[in-house]
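First chain written, first letter: the chains are A, B, C and D, and each begins at residue 1.
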Amino acid sequence: MKQIISIIAIVTIGFVLWQLVPIAMPSGFGAVTHHYVADGLKDNGGSNLVTSIVVNYRGFDTLGEVTVLFLSVSGAAFVLRRRSGLEVQEPVPASEIVQTGARMLFAPIVVFGAYIFVHGHLTPGGGFQGGAVIASGVLLLLLANRDRALPHGLLSWVESLSGFGFVLAGLAGLIVAGSFLANKGVLPLGQWNRLVSAGVIPIIYILIGLKVGSELSVLLDVMVHAAGDEEAN
Amino acid sequence: MNIVTWLNLVDLLVCLVVIISAIGAAVHRNLLAATVFAGVVSLAISFLFLRLAAPDVAMTEAAIGAGLSTVIFLIAVRRTEEVEGKDQ
Amino acid sequence: MVHHIVGAVFVLIGALFLFLGALGIVRMPDLYNRMQTGTKATTLGNVLTMLGLGIMHPAWLLKLTLIALFVLFTNPISSHALARAAHRVGVPMTPLTVKDTLKDKKPVVKEAEV
Amino acid sequence: MANLLLELALAIGAAGTLLAVVRLVKGPRAASRAVALDVLTLITMPMMAAYGLYAGRQIYLDVALVYGILSFLGVTALARYADRGV
């Protein structure tokens, strides 16, 4: 019965969305869109327009998203905090192949994540994606050995400092150019399509990447080590 | 203008994959299977984002869907119940 | 111009191997046989496709090689872990199985539905 | 000509995806489904790369690279789940 209801719900929602497509997709662009598309690259000097919009025009949204992620990780850590004195079933240790693979692949994965957020203003991807890739590297370590202890002090310092740096970069824009997270005039835009270009955007993306990476790593660590109800019984 | 190419067939098949696995993820009672279905949904959606010329979104979907969300679901299943409504 | 055609033929052969791998996991009788086709044929198809794309567009060869290398590194890890875990929890083999060298290793943990 | 062959390869790959989905839906246990997920990832990755060449945009390769690096985590995690390792 439940399955039939779910299928009916899916079909109904799909039908409604299908009807909404012409309304939701206007044929032309609005004035704001025109401004973004026409002046986005010129304003910010990056070669990735999406990055200019996400970090510069809508940078305040990004700050809010990072804060939401921080709050959710804090909430998860609060709910799933490690309870002592519970019987936890001993895991079967990972085989040597998995452990060796984890040791060998951890460094390339982290380097690749760093590549993604350092090149955020040139290629697709950015802070959030790079942070997620770095957290996946940490996840690989945890898969190979569940009892591995992460450096919590370091992670929380990185997380706090990068969040602080993000706000500082925004305030610098407020002081120099008159609006929060403004890009123009804070740092030179540099040459187009170079690694060091686009003003503060790469700095903000590196900070976001570090923040997201450390937050997701802490989340994974908290979830892996939480003693759930099943083991408590 | 409206020439049907092989690429349209590709789009159609990938959309079919998305729909089938989304239904599977929604209705399956075994939560491990539903987790795998969800991973396939994000995989196919990521390809569709590429077809729509949105590599940024595709990369986000890839970075989150390939490893992290699947594993977070798995950990959550481990901490709770394997089969939906087992105790009823 | 000729390297475009040669590369495209390589890509086509690679795609054929990918298709055969997918066909294999539908046709094979049990998990272990499915893993044979599901990892070996598709890895070969993957490498062949990347090679063909590299022939078609030599400027991209570095990144394509990187993808192929990562597939060659990571795919054995995951399939090995899966096969080991499946045997440990006692995923059944097909009745056609002739020899199971690890038969005396009793399942250590019982999982309901892995 | 070369573009047509690329399109054909993409179509063959997409047909393979559909076959793997058959196993994904049928697969008697989660382990078989994990194998289907593995195959789907390994098919989609070259499809992404081939489509990147077809569209002439190198940046599409980055997405395929992300999948190439991270795709094995899901299957490994399922295996470790069976070992009670997560």
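Keep in mind that, in the parts below, a residue touches a chain if its C-beta (ideal position, glycine included) is under 8 Å from a C-beta of that chain, and two chains touch if they have at least 3 such contacts.
Small disclaimer: the values here were computed from a predicted structure and weren't measured.
**Student:** Centre-to-centre on C-alpha atoms, which chain is most distant from subunit D?
**Tutor:** So the farthest one, by centre of C-alpha atoms, is A.
**Student:** With contacts defined as at the top, give the pair, C-D or A-D, that has more of them.
**Tutor:** Between the two chain pairs, C-D has more contacting C-beta pairs.
**Student:** Could you work out how far the Cα centre of subunit C sits from that of subunit D, in whole Å?
**Tutor:** Taking the average C-alpha coordinate of subunit C and of subunit D, the gap between them is 10 Å.
**Student:** How many angstrom lie between the centres of subunit A and subunit D, each centre taken as the mean Cα position?
**Tutor:** 23
**Student:** How many Å are there between the centre of subunit B and the centre of subunit C, using C-alpha atoms for each centre?
**Tutor:** Using C-alpha averages as centres, the distance is 20 Å.
**Student:** Could you tell me the distance, in whole angstrom, between the mean C-alpha positions of subunit A and subunit C?
**Tutor:** Comparing mean C-alpha positions, subunit C is 31 Å from subunit A.
**Student:** Can you list the residues of subunit C that touch 2 or more other chains?
**Tutor:** Answer for subunit C, listing residues that touch two or more other chains: 70, 74, 77, 81, 84, 88, 109, 113-114.
**Student:** Scan subunit A for residues touching two or more other chains and write them down.
**Tutor:** 92, 94, 98, 105, 108, 116, 124-125, 129, 133, 136, 139, 143, 224
**Student:** At least two other chains touched by the same residue of subunit B: list those residues.
**Tutor:** As it turns out, subunit B has residues touching two or more other chains at 30, 32-33, 55, 58-59, 63, 66-68, 71, 75, 78.
**Student:** Considering only the defined contacts, which subunit D positions touch subunit B in the complex?
**Tutor:** The contact residues of subunit D facing subunit B are 4, 7-8, 10-11, 13-15, 17-18, 21, 24-25, 27, 30, 33-34, 36-37, 40-41, 44, 47-48, 51-52, 54-55, 57, 59-60, 62-63, 66-67, 70-71, 73-74, 77-78, 81, 84, 86.
**Student:** Quick one: in the complex, what on subunit A touches subunit D?
**Tutor:** Checking each residue of subunit A against subunit D gives 89-94, 98, 105, 108-109, 112, 116, 123-125, 129, 133, 136, 139-140, 142-143, 146, 224.
**Student:** Would you mind writing out the residues of subunit B in touch with subunit D in their complex?
**Tutor:** 5-7, 9-10, 13-14, 16-17, 20-21, 24, 30, 32-33, 36-37, 39-40, 43-44, 46-47, 50-51, 53, 55, 58-59, 62-63, 66-68, 70-71, 74-75, 77-78
**Student:** Which positions of subunit A touch subunit B when the two form their complex?
**Tutor:** Per the touch definition, subunit A meets subunit B at residues 3, 6-7, 10, 48, 50-51, 80, 116, 124-126, 128-130, 132-133, 135-136, 139, 143, 216, 219-220, 223-224, 226, 228-230.
**Student:** Residues of subunit C touching subunit A in their complex?
**Tutor:** By the definition above, subunit C touches subunit A via 70, 73-74, 76-77, 80-81, 84, 88, 108-109.
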